[in-house]
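The two complexes that follow have chain A in common; it is paired with chain B in the first and with chain C in the second.
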Partner chain A sequence: MPQVTYIEHDGTEHPIEVEEGLSVMRGAVDNGLPGIDGDCGGECACATCHVFVDEAWLAKTGLPGEQEASMLSFAATAQPNSRLSCQIVMTPALDGLVVRMPEAQH
Partner chain B sequence: MNAPVSIDAASEAWTTPLDQLDPSHPRRFQDDTMWPFFERLRRDAPVHYSTTSPLFGPYWSVTTYKDIMAVEVNHKAFSSESGLGGISIRDRPKDLRLPMFIAMDPPRHDAQRKVVQPIVAPANLAKLEHAIRERAGRILDGLPRGETFNWVEHVSIELTVQMLATLFDFPFADRRKLSFWSDCATAVPEAGGFIDSEEKREAVFAECLAYFTGLWNQRVNAEPRPDLISMLAHGEATRDMTPREFLGNLILLIVGGNDTTRNSISGGLLFLNENPAEYAKLRANPALIESMVPEIIRYQTPLAHMRRTALQDVELGGQRIRAGDKVVMWYISGNRDPAAIEQPERFLIDRKRPRQHLSFGFGIHRCVGNRLAEMQLRILWEEILARFERIEVVGPPKRVYSSFVHGITELPVRIPA
Partner chain C sequence: MSEDPPRIVIAGAGHAGGSAAAFLRQYGWKGGIALVGEEAHPPYQRPPLSKAWLKGEASAESLALRPARFYAQQRIDLHLGIRVTGIDRAARQVQLSDGRALGYHRLILALGARPRSLALPGAGLAGVLALRGTADADALQAALGPGRRLAVIGGGYIGLEVAASARALGAEAVVLEREARVLARVAGTALSRFLEAQHRAQGVEVLTGVEVEAIEGEAGSVRAVRLRDGRRIACDTVLVGVGAVPNTELAEAAGLDCAGGIVVDLAARTSDPAIHAIGDCTQRPLPLYGRSGRLESVPNAIEQAKQAAADLCGRPPPQPEVPWFWSDQFELRLQMAGLAFDAHEAVIRGDAEAGGFTVFHLDPEQRVLAVEAVNAPADFMAGRLLVAKQARVAPELLRDPARSLRDLAA
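Up next is the complex of A and B:
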């Protein structure tokens, strides 16, 4: 299974295997990781699964779609490498992905 | 404590022909008898067209969680614009409709919302936490023991109004003006309360605008500060607002910033009293506050609905909604949808995914203050548990006459001496 490394705001790293076809949000929530909430359950409708994609992986995760970009534009700490992790679906090409979490989700 | 299930309401809900069903009457929400109507609609007509409302004209009801979500994320087809009717089932007279960012579509909505959004940024919330705790403690320490009092008045309103005064940097001694304006803004004229006409409401709005214009004038000439008025006065998308638009956004922030949390504070205490086993669980394990808070917000659903207006023909749940139609998303129904939430009729403070509820809305209009609302409830309950073994609800609640604000005006309680 491809692996994602989730890094909490305080630096704590969580390497987690996430099944192909599941979202990066789901991988965090199903494993009870703190720092990713996913209130809407993956509908791209709440922006509480906000992550910063490691620069090295940006080309592979791609850019936010239109709805995602408008949700992200309301996130307090959005950066150019911000994504909603419910919109990143695991593929073999994403094995080794590194994402960092913001200070808080809201 | 539980009001007996109204047999009349249930039988009416299940026997009225679908084409004559109208779940929107404010009286039902005041009597707490609207539930079976939504149960019927979720089962028999999840996207339903009503033409029989004596108050609101024809409208669509969207009653399941999944369909509500579909409307929420499709803001291109479902408009919030105040000029089209805005966000509530009631169409106010055209010339009295207030522009405010919750009742705007992109791009205007986005630009104005971003001006106030930083007030609830994580760093700002952290700064507010200490003040909330201190105030909650002071309010609770001042409550009478061994006598009956109205929890809504003494706690729910007081705590949320203090918070709102802080967010506006509003003169503290005048803070009850804020709850007065809030109640006037949401009052239903035919309910027979203080606001019994739109003229009276406009007169109150004029007072509110005049007061806040004074604050604006102070702030606009000073350095930008992290309070809502200063942010609006200096924000690029808001500094040139018309007075009417300023008033609209004030009303939005006043109602959104206190009325909703007020009713969750009242509802939470009521639900714990109606469910003694849950209250016992909470006392045994205060860590459950974390999951109880979103459960209270789901179970109360402080705003029963949000309304949209279709901009184009849309297919939803097998029905054809036409351009121009009024579409009502009944959050209060979607939050009790068994297809989305396990045992939705039960108040359970240790649910697995308690934040999966519709009370804050979803999509671009999702409540700006949702984490602040949760924080206020969390701190209040931490402070309650630290002080009182039990707060008893000693009589039935009085509810608001409205199918928009789902609220409680009186909750008689007693703290054992």
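Up next is the complex of A and C:
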């Protein structure tokens, strides 16, 4: 199963196996990780699953879609490598992905 | 008496109860957690029931709030298919419908709400449905398809979402609303009118200002809805979507303060220090609006689950949030934030014809009270910030497409 390393704002690392086809948000929520909320359940409606994609992985995760980019443009701490993790779906090519969590989602 | 090590019992395994269990572990609760739920399933997400689930586009796994293994991994004891039937505050224990009693150190009531039923002739006919759980959604799905005709009593969000899904499934749909417009209680006039037009364009018949007199049947099954004006609306299924009633009976019987919901503070505490209450069943403070209210929404369930879990784990309370809601109908993404109490003016930004628009509701001092965005996620996000800041913005600035909302919200 492909692995994602989630890094909390305080530097705590969580290497987690996330089933193909599930989103990076689900991987965090399903394992009870702090730092990613996913309030709307993955509908790209709430922007509470904001992550920073490690620069080395940006080419593979791709760019945010139009709606996602609109939501992100108002996230307090958005950066060029910001994504909503509900919109990143795990594939074998993403095995080893590293994402960092912002200090808060709200 | 309470167990040793201390146990938190959560009565109700919906979105609020399930989230509270997860947050308690995330925030470091080391004692026991018992989650008691009436339905046979572990906590799941209800919003898709009227949308993706109804259309057959969601799996049981995707509906689940957490995977089944989560509860064992997090040491959360699930008691499913079981109701809490009584609370003994003196003994700190709850009675369960299977005859057992569970002792608690702290109790969280996450009892939810139930669909309001209609006291109408014919309301008991086969084919008269409500929507709250997966069993309801499955019954509804079985009744929707080509050649079928659905009458929705109540033009609220659930009714409109189901009407939209019915069309996607090939069924005919008619929405019957007592008020002069759909969403009369929960949205501004502009959004109501826009949605009525959208539904009609998609083949939904929308009748407003009509009162239902009776549901008529044949051989025990529904055949029509009869209106007070004498019209007879033929149908083979009726969805009753006329609001929800908070499940406060247990709390009332236990002597907790209730007023149109179990009364709680911003830490989700009830009038008993050993009992918290969260989600649809509560009457909660709305600090942005200087009043209290009952919110039926997933974001509210999650916010109050966090409040209760933080309080029980000795963490500072989370920042109060702007109430928000979302809905999907046809190709429309609706996102609403804030509450338009005593709104004075509605300002429209954007153009419905061009695909997206937003309504800002202002108070007499031009403070942004609420925002309703249709296919306009950036406006929603900006509006949510403006509401949180109780920002005062001149209507002409909100209306001006050249004016960046980001600057206004900064």
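Definition applied: the second predicted complex is superposed on the first by the 106 of 106 C-alpha atoms of A that agree within 3 Å, B and C clash if a C-alpha of one lies under 4 Å from a C-alpha of the other, contacts with A are read in each partner's own complex, and residues count from 1 in each chain.
Just so we're on the same page, a contact is a pair of C-beta atoms (placed from the backbone, for glycine too) under 8 Å apart; a residue touches a chain by one contact, two chains touch by 3 or more.
Note that this is a predicted model, so its numbers are computed, not measured.
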item: Fit or clash between chain C and chain B when superposed on chain A; value: clash
item: First, second, both or neither for A:103, with chain B first and chain C second; value: first
item: First, second, both or neither for A:34, with chain B first and chain C second; value: second
item: Chain B versus chain C as contact partner of A:58, first or second or both or neither; value: neither
item: Which of chain B and chain C A:71 touches, first, second, both or neither; value: both
item: Touched partner set for A:43, first chain B, second chain C, both or neither; value: both
item: Shared contact residues on chain A - chain B and chain C; value: 37, 39-41, 43-47, 67, 70-71, 73-74, 106
item: For the chain B and chain A complex, residues of the former touching the latter; value: 69, 72-73, 106, 110, 113-114, 117-118, 120-123, 125, 353, 355-356, 360, 362-364, 366, 368, 370-371
item: In the complex, chain A residues that touch chain C; value: 29-32, 34, 37, 39-47, 67, 70-71, 73-75, 106
item: Chain A residues within the chain B interface of the complex; value: 37, 39-41, 43-48, 67, 70-71, 73-74, 76-77, 102-106
item: Chain A partner contacts - residues on chain C that touch it in the complex; value: 22, 25-26, 45, 47-48, 62, 66-67, 70, 73-74, 298-299, 302, 318-319, 321, 324, 326, 328, 333, 335, 377-378, 381-382, 384-385, 406, 409
